[in-house]
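Below: a set of structures, written as structure tokens.
One chain, chain A, links the two complexes that follow: it is found with chain B in the first and with chain C in the second.
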Partner chain A sequence: MTAKSGDSVSPSASAFTSDSSKSTKRVPPPESSESIQTRFRVIASFWAVIIFLGFPIWWKTTSIYRAHLPIQEMVDWADGKTCRPVYPLEIHVAAPSLQLTESQHLLRTTQHTLDDLNEFAAHHLRLKLANDTVAHTGDDKVDNLDNRPSDADAADIALTVRVLPEEGLVTPRSELQAHTTQLDVFYPPSQIPSPSTSNPPLSTFIAQELQRIYGEEKATIAHILSGESSALDSTSPELTESISRRLRRSMQYAETYHLSFSLFTPGSAPSSWDIEAAIQEYLAPLLHAFSPISNFTIDTQVQLYATFSPMTPAPVYDEAESAWTLKKEDLSAFINAAEWPLNPSIGSGPTLNFILYVPDPSQSPMIVKENRASSWIVPQWGGVFLLNPQLEKNQANPASLSQDSLQSAFKTFSHQLLTLLGTPSTPASLPLRLQTLVRIRAASLLLSASSTMGSLARLTESLPSIPIPANVASSVSITLSHLSAACSDLREGRFNAALASARIAENEAERSFFEKTMVGQAYFPDEHKVAVYLPLLGPIGVPLVVGLIKEVKRIVAAWKARRRAAV
Partner chain B sequence: MAVDRRMVGVFGAAFVLRLLLICVFPSLPDLLTGRVEVSTPVNSFKRLQEGLYLYIRNVSPYDGGVFHQAPLLLPLFSLLPDIHNNPTPTAIIYFTVDLVNAYALVTISESGQSIQSRFHSAIRKHVRWDGVSVAAWFLFNPFTIATCLARSTSVFTTSGILFAVSNAVGGNSINAMLALGLASYLSLYPALLFIPLVLLCYDRVHQTSKQPPKAALYILQHAGILVASVAGLLALSYIITGNFWEFMSATYGFHLLVPDLTPNVGLWWYFFIEMFDSFREFFLGVFWLHLASYVGGLTARLRRQPLFVIASLLGVFAIFKPYPSISDASLYFAMLPLYRHLFPLMRYTFFAISAILYSSLLGPAFYHLWIYAGSGNANFFYAITLVWSLGLSILLADSIFSALRDEWEQDNPDMQGAEIKQV
Partner chain C sequence: MTTFSFPLLLALAVTLWSFNVFASTEYHEQLFLQPLPQSSLLASFNFRSNTSQQSFDNQHFQYFPRALGQILQYANAKELHLRFTTGRWDAESWGPRPWGGSKEGGTGVELWAWIDASDDDEAFAKWITLTQSLSGLFCASLNFVDSTRTTRPVVSFEPTGNHRNAEGLHLLHGTLPGEVVCTENLTPFLKLLPCKGKAGISTLFDGHKLFDAAWQSMSVDMRPMCNSEDDCVIQIEQTVDMVLDIERSKRPRANPIPRPLANEFLACDTSKPYNSEDSCYPLEKTTDDAWSMSEVFGRTLNGVCPLTGPDGTNEHSVCLRVPHEKQVFISEGSREVKKEDGFTRCFNLAPGQPFDLSIPEQAVNTPVPLEDPILNAERTIVGHGQERGGMRIIFGNPSNTTAVDFILFESLPWFLRPYIHTLQATITGRDGITTDIPASDLVTSTFYRPAIDRERGTQLEIALSVPAASTVTLTYDFEKAILRYTEYPPDANRGFNVAPAVIRILNTADSAPVYIRSTSLLLPLPTPDFSMPYNVIILTSTVIALAFGTVFNILVRRVVSVDEAAALGAQTLKGRILGKLVAIRDKVRSKGTKVD
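Our next item is the complex of A and B:
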């Protein structure tokens, strides 16, 4: 195809052999100046297209766009130089029965004791008199009111401690309310701390209680911030073990989790379940409480005639328990992954599978041999619950499972969900546990987004040939601004806001790191470009270049001749 | 020109042949419409039907990304009766367009511009076919008949180009520019013919008038006419579609960016299937520049024969344009018989014609093997399109060579018939 461009150029340069009849060589007629000019025009027209259109197109389409990234800032984040996450937890103390001075003294001494006990500086508890006490007790503390921050900037109140007198007690006792963030401390009225004592027993007690409540959280955050190896000195080995076990079991953090509830049964019944109502009733409140941390989507399915895989050891009838038992070590083979349609992932987020298994009447009830349990967790995957309906002899399974019969299963599923999402096991109050989870997630997201930034910075440094689109640069700047917002929110004690910022930061960091157009070029070394350009452009280019060289030679020769003639 | 009997005979025979074909083989038009060699995404009649369906139902015809043809075709075709119940009127229109194209060819041939122009006078003047023979070559060319029966919309582009040329050789330069504007509006690439066409008009003016206008001014004026005609058609299209950028990107954007890689007889589709994504834009630029760069070179080299430049460029387009079909080849084959006097100088006619016949017979067979039988792969069909392009390239290069030889012999009358060797 390219010979033609040569053809249109070269015939005028043809030489002609002599007529065969004559032996003397005839010289080809000299080229006329007109044909020389024509040739010049032809070559010039091709080269004009190449230079004025070809090179700009080449430059425009193959230049690698590298948006500017704040490399140093990104590396600083990854190295933890920019932000040192701190967790000042604000704890309100309300002592309605105490005088203002007394309560202030109590506060001071308790704080003192707490600070003595604390060995992890990043995580510290700040006691504060509850506002209502202040307002109630005195007009001499007006400045305190003025100092009260406005609502938007207010730190989250982690816990409210109510100090209440109770008759007939010898030593103080405490009671953590399971559904609120309130700790009630009851003390014998005789123990009202006098302003003179430096270390009243009530302060020590409150400090120890607080220390106990936040022990696990502190250890977890220390574990996350300092990496796998070093934890706090004081943390007991059991606690360390349980924390790392929990971290192993729980899912990676995701913006959205997909919950999949499946009813499996080996026979034809039950073929329906009142799942919608059950989810509304038992699960929705929990998911709502989780909404600052993650979003959830839910799907459900019913699978009849779901048999075990041939590899699974069959359940064994245990006379003593009068039940069919599964061995603990066989539980991992319980799920017939090959045949049960358990979708690994729908959409973007990871899937958590919850399986409700209703055994056949001939194998009912079915329990785990070692501990008579009827449910277990599959780490990072989901949970299983064995539902054994109350059956008379030779009675078939009910055709439908009512909402009530699902209650126990869903309680278990809720616990499993909490565990799988990495919620700490203590303290007993669910709001406190969720708050703890907020702080833990904020810490881990902050770290992970920072380290993604560091990886991206290293990647761009080490591969100079990959393009960096503008949206990566904007993602990076969003990430960095949200990271610093999250960091300052943490410092101010606004943990929910910090988590929200950290979520955005993590999202943007992931998006910038996994930008599609960047990855494509990463596997395309420079040597390949020869293979891309040469096959087409080589054949086209050779006649063009040769023509150009000839023409330049001719012009130079003509110019020299003219100069010689002038001299 | 008096309508002579021979012409009536040829035109009538061509019309009757086409009519016979659709009467005897009623399924033939639909079969041809589906062939990739005939129908490309930018001229397929099926896609036009889709656009028409949407247009009649007041939906944007470019919704759905199937229709990529100029919007002005839609109101035209919406006037015709429904193609499924009554295909004959549409077929008759296409037959008529073919005859009109043939008439334009007769005009071009009768003007004698192909052998005698301002700077050039062919040596073998006596070796020529008259207008009716040239029209017969066009009308009875199987490629033309297939294109006509398949109702490909490229016949309208063909009309535009042929009328531009016939008006230009007739000295009617404004009509020539308007016709070229229509062709460019329909398929974009004919705009590249502007330079040789305006030179043809200019030479014509030089021959007839005593005081010819200045060249630069003349070219600028005609460029203005061309731009105005295209702008007028675009404005009409805007009135029809209501969304300017939508139809611009669906039609001209589609021509330029080649997003649909349906196989055709051209060279682009396979190349861009294999291309690395990051180099796609670059090679789009290379391919288009390659196509466009011939304009300058050929015009400069063959300045004496602008009509021959147009003919050769049509051959170049038939090979290198993004969505070529056999209708482009048929247009080139229509122009070639005007240069009957060059045939004695051509050296590889046998090889070129064999390659073209070979590929036009084996092409459908290999396509069948690949798509339907499943016993071949894409390389089968691609190889045959390479042979097709090779055949056309040889023919094109050979004809350019003989035109140059003709010019050279004119310059050196003593060398007539001498053997030559290319170095």
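Our next item is the complex of A and C:
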């Protein structure tokens, strides 16, 4: 039995001319419309199964889940359209010796002068008259960042200015207390501003003092917010340079820093150091002051027989200095990263390494050639201090380093720690510098979380094939809500709250950006899949497609014939 | 009843244990050398340092390595034992193991730790943290110790330190029998030492020699040692034991290939009747090989590590066990001290000067006595075929008087499914008579935790007793699982490693633990042809396409008779092409006839 495709229902004998002599050609009867109908149904049902069952299943099983992300909002944050960080600093002025009207006048004129001086609108100082109770208890209440006002809605008090009369002064003088957030301004009693004078010298003086105190902070924040390009006009190039250098050197903000103190020596001595006492004495107060901003863990180690790497240029003896000198450009190779066990501490948070290097007696004293320094900072990594014990000729290093001999090293380490954490160098009061650090950190975290959001938005836009799990979407929404919380906290002067929000925003932003499941583990290129399934799809697809084409042809022909017939 | 062929080593271990643990010195190191039969040399290095519990908790590390200390704190591990072992200890020739086997592991890497945790899940999470961190620290694949390779032995191990909170401690044990121990594990090991291989006995370590040894085992042990409730120290002890083939080690590195001796240098037994120009029966050597430390280790010992000893000098940091009558040359500046036992001598090294010792070739009259081991154990896989197999473990008790009680600890991978009901024992006396006895006659207790596929392996601990002067053979059957396609390693046809069995001997003379480990085994599993999935895809695709095509054609095509088909055929493309071809042929033919 031979089966032939039965599409042509009207075969004509004229089609074959040359090979007509062999057998009697009998044309089969035209197909019944019933069988044509059946064939049509068969093909249609096959295609229906493919279209309504096969394709949806294939689509469903191979599609990737992409949670909805508020792309536009994220891009707006990254472009800085949503939030312009502002820093209204609340400064309390207490003038217990002045009349209320006098002090109000002083306040008004000082504020006026300040506003005239200020050129960076985002950062402005708001003076406020302190009620007497605050003014009197001011020195013990605001002495620590821990004791910030318990009322969460109230703005943080950045500084308390106490205006005090002092006999025998010609011009006003000020005194910034090193351990509190209090500025004492002493003025000669003769200069009590009368309500009539529009610009009393005392107001000008106070305004200038405040401007001086917050000058570096303003420049830093302006630098962070504007990027590398434009700083304030009034900042000196030196200050700009020092700010950008500090920002380059300082670590990324983290909740916990691991501090690792290591004693390295090329020989066998000193093999012990009075490290616990030294840390307790020289470092613990500083770390305590930092506790509202970051936490610290400390570990220490002693590493003997720590030699330089063979690539490091050896120190050179300098006759003039009578010391062994290291060239400044070689300092980057000082640390033998391959052999010295300086692996980061376990746990989240970056590690800051502080290295106390005691040179061999044959190479002691050791200093840096260019500036005779004995310490340097390794940006974003830590600091090194060369400790040269006082030695007689041919004397070995002491077996143990006492707490006193570590004092200079730990003073340097504290300074390096402040620099590495990004603390500004002015003003003199540590609490004020830490407050400044809070504001700087809040600004940089806000910016970094925003730009991470922008990167994530761009990434998901540009790669349509990566999945977006639901937890990324929730992280993004947490980030955005905390970003706006941080922004409004800043606007209202609650900087610690702003830092806390910005910290959460940053964490969530990082988590969403580095979500592991967004990157496929197994990747099969399309060519591979086609090659594997071609043995199935080819033999099945060809008859189906051919059947479909023939059926379409037949329908078109039938339709044409009917039209012709109608005409 | 039990005597050790290493009385000195044990004595050393015990004295160090009892005296030096709480001594003022915080660091101690010692090298012990002993020539073994068959021209082998056992070199046993021991390094130990202490740190007070308080400075450990505050992370002030002096001699204790900071990296390891932080890992232990992060993982809440209170006691840790890590072993890297290669090769096989030849107990028949070399006698019992150094340190009573307590400082060696099974082939590959073995790790066990007591972890402080509130429940099993937390302990396991901490354990995973621990293995991941140690994997990075020691450059070993310890991160592959997952739940299938982790067991929780009940009776096989006991903490060696003093623990305050013993109830909250969870013992976890993991092995990697397939891990190849090599130099990349030695470098981090050396970094943990305070003198870092720059001074003291650790200067002798050379990766080429160490991993060329017939057997070597590196260990790291960390444990707390307490005098009283508040007076605790954390002790870290590192050991390296190796058995070097003296002749092989003496080969110069420039010319490491052994070459045959010329005929005139061969020592032949001329009394043999067949002795001639071209046949030689080698004469047994009457003298021991000459060797020196610099030849065998490839370098000299560089002074002493100045941290040891109360005054910075290290007494007896190198000891040698040869008969006193034997001549030993040592470097200038160092002093030899002979011990009373007639076999041991120790050396006081001059600080800062290289030390070497050499033994000339000389006749041996009183060889160093080697005792029999307490127990000989051997484990093999028996049976054939892809489906089933059997395990056979042979225990020999060399003692004529005492039975040996011990615990056999097996941690089997999940794809080896043992049938515990097939556990059988035969006992063979010295007379060679074998009797089958029920296993329950020998087994005093069993701890069994069956495997769960892909989740955990079998854990089997059997307490056994082998009577005096007899050999016990323990057998059980197992079934081999078929793995999933992706579970096979790249070298699947090599076989799958089965971790060595650990044998803990119970009734030892003193409290010192004695362990024996069997060799690791290779289990051949049924391995598929790995192009199989593609073959399967193509075959099934073809079958489906065939079936579909047939069904579809029957449904869609029209059935006509043959002559009708011919008429229809001309209509189709094929028919038309055929018609054209025939027409061309006819034309050509007619032309041909015209020419004719």
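Just so it is clear, the second predicted complex is superposed on the first by the 386 of 567 C-alpha atoms of A that agree within 3 Å, B and C clash if a C-alpha of one lies under 4 Å from a C-alpha of the other, contacts with A are read in each partner's own complex, and residues count from 1 in each chain.
Throughout what follows, contacts are C-beta pairs under 8 Å (C-beta built on N, C-alpha and C of every residue); 3 or more make two chains touch, one makes a residue touch a chain.
Quick caveat, the model's predicted, so the values are computed rather than measured.
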First (chain B), second (chain C), both or neither touched by A:Ser362: neither
First (chain B), second (chain C), both or neither touched by A:Val42: both
Partner chain in contact with A:Asn394 - chain B first, chain C second, else both or neither: neither
Touched partner set for A:Gln252, first chain B, second chain C, both or neither: neither
First, second, both or neither for A:Ser462, with chain B first and chain C second: neither
Partner chain(s) touched by A:Gly538 [first = chain B, second = chain C, both, neither]: second
Which of chain B and chain C A:Thr61 touches, first, second, both or neither: first
Which superposed partner A:Ser33 touches (first chain B, second chain C, both, neither): neither
First, second, both or neither for A:Asn371, with chain B first and chain C second: neither
More chain A residues in contact [chain B versus chain C]: C
Residues of chain A that lie at the interface with chain B and also at the interface with chain C: 1, 3-5, 8, 11, 13, 15-17, 19, 42, 46, 532, 536, 540
Chain A partner contacts - residues on chain B that touch it in the complex: 276-279, 281-286, 289-290, 292-294, 296-301, 303, 319-320, 389, 393, 396-397, 400-401, 404-405, 408, 411-412, 415, 418-423
Interface residues, chain A side, partner chain C - complex: 1-6, 8, 11, 13, 15-19, 23-28, 31, 35, 39, 42-43, 46, 260, 268-269, 271-272, 275-276, 297-302, 304-305, 307, 339, 341, 343, 345-347, 532-533, 535-536, 538-540, 543-544, 547
Interface residues, chain A side, partner chain B - complex: 1, 3-5, 7-17, 19-20, 29, 32, 38, 41-42, 44-46, 48-50, 53-54, 57-58, 60-62, 520-521, 524, 532, 536-537, 540
Chain C to chain A touching residues, read off their complex: 55, 58-63, 65-67, 70-71, 74, 133, 137, 191, 194-196, 198-199, 305-307, 534, 537-538, 540-542, 544-546, 548-549, 552-553, 555-572, 575-576, 578-579, 582-583, 586
